[in-house]
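The same chain A turns up in both complexes below, where it pairs with chain B and then with chain C.
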Partner chain A sequence: MNKLIYDFALWVDGHASSTSLHESFYMYNWVESTHVLALMISLGMLFLIDLRMLGFALPGVPASTIARRLSVPMIFGFTVMFATGLLLFYAIPVRTSQSLWFRIKLVLLVAAALNAFLFHRRMLSAPTGWDHQIKAPRNLRVGAALSLLFWALIVVCGRFIAYDWFDCQRDPSPLVGLLAGCLDGQTVF
Partner chain B sequence: MRIPMNKLMIAAAALAGATAVSWEAWGHHAFSAEFDADAPVSLEGKVSKIEWINPHAWIHVDVTQDDGSTQTWMVEGGTPNTLLRAGIHKRSLPIGSEIKVRGYQAKDKSCQPACKANGRDLTFADGRQVFMGSSGTGAPRDGSDPRES
Partner chain C sequence: MPTALPFPRTVSTALLLALGVYFALSEIRIEWYASLRPFFEWMETTAFGRLGKSYGGAFALVQAMHLLSMAVLGGTVLVSDARLMGIVLKNVPINQVLEPCHRLFNCSLSLVVLSGVFMACGVAIKVYYLEVFWYKMLALAMGVLFAYFVRRPLLKPSAEAVPQRLRTLVGVASLMTWFTVAATGRWIGFSG
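Let's look at the complex of A and B:
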């Protein structure tokens, strides 16, 4: 599995456009800054929705109205964030694919997506009448709290990708090396 | 339980303030996370390789040590963009050119596969000296960064 990921990363790394983005004077900076700005839009909206469900924000506005209105900029932000995120990976595929933080982040992203799917389904099937209450039903509150937790951790993991503490080049412990996908005798890092 | 909005606002403002303060100390790519402010180094040698990459460029320098052996150092600089603005570009640093770099060694001093350092200023063979780091990283205020007061 780790060998497969490494070979895939090498293949991506072999593209001239990957290298030129990695070495660019402006483009990489634009992509990275846009990624963070889009994060502020998407997570700003998401957090407001979640906090409304938990009863901490905008209690006077119906929960479904908040969810419906704010999800438009939220989806826009997510789209830009994923697109720029892919480009950031494209620029530095080998090191990123072997980053422990990036791998934890991906697992959390899957968890957050699953949670969002369940949340949406629960919201549609929830009995009516809770819309004007300060707090959403319990199963929605659990989903909102998990969403806040997952995304906060995703942002932290994303930030930590910048640091080389567990990089394969630094010969991490066998367990970390396995989780990060370090390979014996690899020459490209 | 309903938390009053004004209390929530105060809590949010306090959290934002605390984050801003700690972020300021932490910097962009926190110097102290990887480099040792108590281990200044001064390296003279030949450029053996340049990784002209974001978010930080790396200049590899082969340093001849007192015993005659060669030790390779990887010196971290700013982004390709900041280096260009400071006056360093690929053509101004051909492989084999003699340079002098002052900076701080990494906390990880195992020197595997090469010794690592954070570069502060770089002196070309003709004596021209330029700042090669990034501003606001929490690196010691040693006067090498012209944008620091």
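Let's look at the complex of A and C:
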């Protein structure tokens, strides 16, 4: 599996546009800045929804109204964030695919998506009458708390990708090497 | 009997900003800038500075906290300004959105400033020479002044009483200011 990922990353890395994007100071930084600014929009909206469910924000506004109205800018932010995230991967495919933090981030992203799906389903099936209460029902509060936790960890992992502590070329421990997908004898990092 | 000046806090803020522009364009700024260098050197010797310099992990964690608090701050600004402009939550009374958002704004701003000070201590001399750092500080000062001395006094009594055109203007100005704060902040990471 790791060999397959490495080969795919090498194939992406072979594209001239990947190298151009990586080496373009302004373009790469614009993409990264847009990624972070989109993160602020999407997470800003998501955190407000979660905090409303937990009873820490906008108590006077019906919870489902907040969730419904803020989900539009949130999805817009997530779309931009996802697109720019793909571009960031495209620019540095080999190192990113072998970054331990990137891999943890992907797992957390899947967990966050699953949690969002379950949260949405629970919200639709929740009995009526909770909308105007300061706190949402317990199962929704758990979903909101998990969402805050997952996204906080995703941001931390995203930040850590920039650091080379566990990079393959630094000869990490066998366990880290295995988790990061480092290969024996690889020449491109 | 002299009549009281209308909007005293707004007028003082406008005067303060005018003073800031004068300061930025005059010779005083150059002298003041040079005299700040020892302060930035001292920042690097503080516990925050030593921690930030020695432990990359601690610095990165605080960076992540800075980002997360910026996300909450951005969320509160975006929602309250969009409500002011009549884009979202149109059926909810404005102050019912603005007040709780303002409380969250206060908390997130405190975290942003605290984590920002920590980060600045770790790379104080570097940021001292970065032009974009000073732009960010200027934008941040403007954002804070605007939020507490223009936007809030104007809208707190009853935002509904303020004409829609003025509310839109306030919303746009606020969004632009905080966007500049975030964008210049991001650019610090690419400079130097």
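Note that in this section the second predicted complex is superposed on the first by the 189 of 189 C-alpha atoms of A that agree within 3 Å, B and C clash if a C-alpha of one lies under 4 Å from a C-alpha of the other, contacts with A are read in each partner's own complex, and residues count from 1 in each chain.
The rule is short, and it goes like this: a contact is a pair of C-beta atoms (placed from the backbone, for glycine too) under 8 Å apart; a residue touches a chain by one contact, two chains touch by 3 or more.
In this text, all values refer to a predicted model and were calculated from it rather than measured experimentally.
Contact with chain B, but none with chain C, is seen for A:22 once the two complexes are overlaid on the shared chain.
Once chain A of one complex is fitted onto chain A of the other, the partner contacts of A:179 are absent, as it touches neither chain B nor chain C. When both complexes are overlaid on chain A, the residue A:59 reaches chain B and chain C alike.
By the touch criterion defined above, A:134 reaches chain B but does not reach chain C. In the superposed model, A:169 makes contact with chain B only, not with chain C. In the overlay built on the shared chain, the residue A:156 is in contact with chain C alone; chain B does not reach it.
Among chain B and chain C, the chain that touches a larger number of residues in chain A is C. With both structures placed on the common chain, the touch criterion links A:106 to neither chain B nor chain C.
Note: residues 25, 29, 32, 56-57, 59, 162-163, 165 of chain A belong to the chain B contact set and to the chain C contact set alike, using the contact criterion stated above.
Every residue of chain C that touches chain A in the complex is listed here, in rising order: 56-57, 60-61, 63-64, 67-68, 70-79, 82, 88-89, 91-92, 96-97, 100-101, 104, 179, 182-183, 186-187, 190. Within the complex formed with chain C, the residues of chain A that make contact are 25, 29, 32-33, 36-37, 39-41, 43-48, 51, 56-61, 65-66, 69-70, 73, 152, 155-156, 158-160, 162-163, 165.
Those residues of chain B lying in contact with chain A across their complex are 1-3, 8, 29-30, 33-34, 52-55, 79-81, 84, 108, 110, 112-113.
Within the complex formed with chain B, the residues of chain A that make contact are 22-26, 28-29, 32, 55-57, 59, 91-92, 134, 162-165, 169-171.
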